[in-house]
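Here subunit A shows up in two complexes: once beside subunit B, once beside subunit C.
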Partner chain A sequence: MHIFEGFLPSPWWQIWFAVSIPVIMYGIYQMNKLVRERREIVPLLAVAGAFIFVLSSLKLPSVTGSSSHPTGTGMAAILFGPAVTSVLSVIVLLYQSLFLAHGGLTTLGANVFSMGIAGPFVAYIFYKTASKAGMNFYLNVFLATAIADWVTYVVTSLQLALAFPFEGSVFASFKMFALVFATTQVPLAIMEGALTALIMKYVVQVKSDVLVGLNVLTSTTVAKLKGAME
Partner chain B sequence: MKLEYLVAVVVILFAAQFFYGVANNPGSEFGGADGEAENVIAAIDPNYEPWFGGIGFEPPGGETESLLFALQAAFGAVVIGYTIGYYKGKGEKN
Partner chain C sequence: MTHILDDYAVLSPLRYKNNWLKLSVVTFGILAGVSSNSPLVPLVTAACMSFATVHFGKIPSGLYLRLLAGPAGFVLVSAVIIAFFFGEGVKLFSFDVLGFTLGVSSAGLNMALLVLARTLGGMSCLLFLSLTTPMIELFSVLKTTKLPDSFIEISMMMYRYIFVFMEVAMGVKYAQTVRLGYKDFRTSFRSVVMLGTNLFIRSWEQGEKLYVSMNSRCYDGKLTMLDEKRPVKLPEAVLACGYFVLVMFVFLYTRGMPLI
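Now for the complex of A and B:
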C-alpha cells in the first residue's frame, strides 16, 4: 500500500526524491557492474525482481479488517543489498502507478524510499549480523524479511506524519497512521517472511554456487543446508 | 520437506487470523489500508486536496484492475518457475 498520487505536499515529495535518487543511481551502477562481472547472477536478479512483482500484487486481508500487500523486497535485499533492491522496486512501483493508479509518480520518491531502501537496508543489516552470529539460515531470512516488510510501513507512516502533523504534532499523527499501516502489516510480514524463506530454499537447492559468490552464504553453510535436504 | 511443513502451518495460521478478522469486523470489506490512511489525512486536514493526478492509466473498474494485478503476478511467477526449473533440470542432467 503506497502513498497515493498527489498525497504528499511540497516540500515532502521533493525531499524523498532527493533522498532516493542517489541510492537508485548507486544501485544502477552496482547492478551494471554485477551483470558485467558475473553473468551467472542475471537469472537470480530476474527471480528477485519477479518475486517483488508477485508479492506486491497480492492484496492480503489482515485481522484488522483491512487489506494490504507484502513488499517482496527481502529476497533481493539479502542477495544483492539495498541499492540494487531500490532499482527493482522502482520498476514495480512505476508499473503500479502508471497502469493501476496505485501509488503515484509524485509520491514515487517516498514510496521507493520506504519499500526499496529503508526496509531492504534494515533486512540487509539484520541478515549480515545474524548470519555472522550463526543464526539458522532460514530463520534469518524469515526474520530479516518480516522486519523489512514491517519497517517499510512504519516508514510510510512516518512519511505521512511528517507531511500531515496532527495539531502540530508529528508524533500524534505518526501514531494515527501507524495504527492503520503497521498493525495491518503484522500478519502480512509473517506470511512474507515464510514465503521468502521457502523460495530461498529452492535457490540454495539449484544455485548455491552463486550464493557463495555473492557472499550470501559460505560454502560450509551451503554444504550443511544441502545435507539437511537429502 | 521440513520447511515446507512450517510454511504450511504459517499459511493456515494466516487463514485463521483472516477468519478471526472477519468475525471481529462484521460488514468490513477489507479495503486497502491506503484508503484508510486517506481517511486519516482527511481527519487531520479536511481541506487537503491531492495536488496532482491523472497522468497514468486508471483502470475503469474492478475487473480491469484485477486483470492487471493478475498479469503482474503471472509474469513474476513465470520468471521464477522458469528459472528455478531450468537450473533444477540442468543440475539433474549433470
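Now for the complex of A and C:
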C-alpha cells in the first residue's frame, strides 16, 4: 500500500527518512560484503529486483473489485533476507514512483519503512522460526508472505494515523484507517500468500537448485518435498 | 502495464534540457507543497507543472489526466476519513448513522482539502519529472552523488531488465488471454501463478547468463557512463526563476490563512 506524493506533511516525511536511512545503510553494507565474496550476485540481485518490479505491476484477480497488486516483498525477504530486501525495495519503490506514478519521492522514506523494512523483517523472522519448528514449507511461505503484507498495511495505517491524529488521539485515527483499508488489504495479503506459495511449488518442481543455492532450502528438504509430490 | 512512463519521457522534447534544472524545479515544487499550510501553494505548483508537462513536454492531456487520477482511490478515501474525524470544534454539518453522530468540522475539512491539494501538487511535480526525464539521464545525476557503486550498478541493471521482463510478461499474458486464461477467478489465479513462476525461472536464468556475458567482456564491477553536457539556456532559467518567485510569493502571502 503506497502513500502517495505530498500526502505526509512536513515533520513526518523527514522522520520516516531518518528511520529508514540507517537500515538501508546497514543493508548496503551487508550487500557489499556479499558482493565481495561472490561477484556474480550483482546481476542476480538486479534481475531479482526487476522481477519484483514486474511482479508488483501484475494485476491480481481481485475479490472486492478494487485493483490489487502484489508487493513481492515477502518473497524477496524469504529469498535474500531482510537486509538485502530493504536495499532492493528502495530501488523498486523509486522506479515505481517514477515509472508508474505509484508512491512518491518525499513519501519514499515512509514507503520504504513499511514495505521494505517492517514487512520483510517480520516475515523473515516468522519464516525462520516456523521452518525451525518444522512447519510445511508451502504453508510457511504462504503465512510469511501474508504476514509481510499485513505488517506493511498496519504500519502504513500507523504512519497515516501519526500524521493525522483525530482530536489528539493517534489510536482513534489508527483504528479508522486500519478498518477502512482492511477491506482491500486483508484479501490482497491472502491472495499474494497463495500466489507466492504456488510459485514456490513450481520452482521446487522445475528449478530447485536456485533455492538450494540461496540457502532457502537444503537439498534434503527439496528431496522430501519432491517425494511428497509424486 | 502496457506502457511505463519512461517510454513517454524518452520521446519528450524536454528530455534534452539540463537535468539539474529540471530536478531543482521538481524538488522546489514538492518541498513548497509539503511545507505549506495553505492549499493554494500546491494548487499553484500543480497548475504550473501540469502546464509545463502538457505544453512543453508534449504529453497527451488525456493520458496526463488519467495518470493524475491514479492515486484518487487511496487519496479520496483517506481525505474523507480525515474530513470526518480530524480536529475538534464546531461542526459544519453532521448526521446520524446507526446511533453515531458523524460530522465535518471546519478544521477537518480544511485538513482534507489541504491533503488533497498537496497530493495533487506533489503528483504533478513527480509526473513532470517522470514524463520528461528518462531514467538514463538520472543515472548520471546518481553517479555524482556519494551513493555506493554497487547500489547504482544494481539499479542500472535492474532498469534494463525491467523492460526485458515486461515484454516477456506481456507476451505470456496475451497468450494466456487468447486461450481464455482469464475467464473467471479460478483460471485467472492459475494463470497469474504460471506467469509468475515462468518469470521467476526465466529471470534467474537471465541473471546467470548476464554474469557470464559481462564477465567475458571484462566486467570488473564498474559500468562507466558518459553523460552529455547540456548548459542551461537563458529562457529556461528565466522561466524557472519566474516559477520560483511566483510560488514563494503565494507561499508567503497565504501563510496561516485557512481556506474556509
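Criterion: the second predicted complex is superposed on the first by the 186 of 230 C-alpha atoms of A that agree within 3 Å, B and C clash if a C-alpha of one lies under 4 Å from a C-alpha of the other, contacts with A are read in each partner's own complex, and residues count from 1 in each chain.
One rule holds in what follows: a contact is a pair of C-beta atoms (placed from the backbone, for glycine too) under 8 Å apart; a residue touches a chain by one contact, two chains touch by 3 or more.
For clarity, every value in this text was computed on a predicted model and none was experimentally measured.
Of the two partner chains placed by superposition, only subunit B is touched by A:Y138; subunit C is not. With both structures placed on the common chain, the touch criterion links A:S208 to neither subunit B nor subunit C.
In the superposed pair of complexes, A:L45 makes contact with subunit C only, with no contact to subunit B. Looking at the shared chain after the overlay, A:P9 reaches both subunit B and subunit C. In the superposition on chain A, contact is made by A:S57 with both subunit B and subunit C.
Of the two partner chains placed by superposition, only subunit C is touched by A:I28; subunit B is not. Of the two partner chains placed around the shared chain by superposition, subunit B is the only one that A:I190 touches, whereas subunit C remains out of contact. On subunit A, the surface touched by subunit B in one complex and the surface touched by subunit C in the other have residues 1-7, 9, 43-44, 46-47, 49-51, 53-54, 57-61, 63, 66, 95, 97-101, 104-106, 160, 164-166, 173, 176-177, 180-181, 191, 194-195, 198-199, 202-203, 206-207 in common. Only residues 2-4, 6-7, 10-11, 13-14, 17-18, 20-21, 24-25, 28, 30-38, 40-41, 43-45, 48, 50-53, 55-59, 65, 68-70, 72-73, 75-80, 83-84, 86-88, 91 of subunit B touch subunit A when the two sit together in their complex. Those residues of subunit A whose C-beta lies close enough to touch subunit B in the complex are 1-7, 9, 43-44, 46-47, 49-54, 56-68, 95-101, 104-106, 138, 160, 164-166, 173, 176-177, 180-181, 184-185, 187, 190-191, 194-195, 197-199, 201-203, 205-207, 228. The part of subunit A that touches subunit C in the complex is made up of residues 1-10, 13, 28, 31-32, 35, 39-40, 42-51, 53-55, 57-61, 63, 66, 87-88, 91-92, 94-95, 97-102, 104-106, 160, 164-167, 172-173, 176-177, 180-181, 191, 194-195, 198-199, 202-203, 206-207, 210. Against subunit A, in their complex, subunit C makes its touches with residues 1, 4-6, 30-31, 33-35, 42, 67, 70-71, 73-75, 77-78, 81-82, 85-88, 111, 115, 118-123, 125-127, 129-130, 135, 138, 148, 150-151, 153-162, 164-166, 169, 182, 185, 188-189, 192-197, 199-201, 203-204, 206-208, 210-211, 214, 221.
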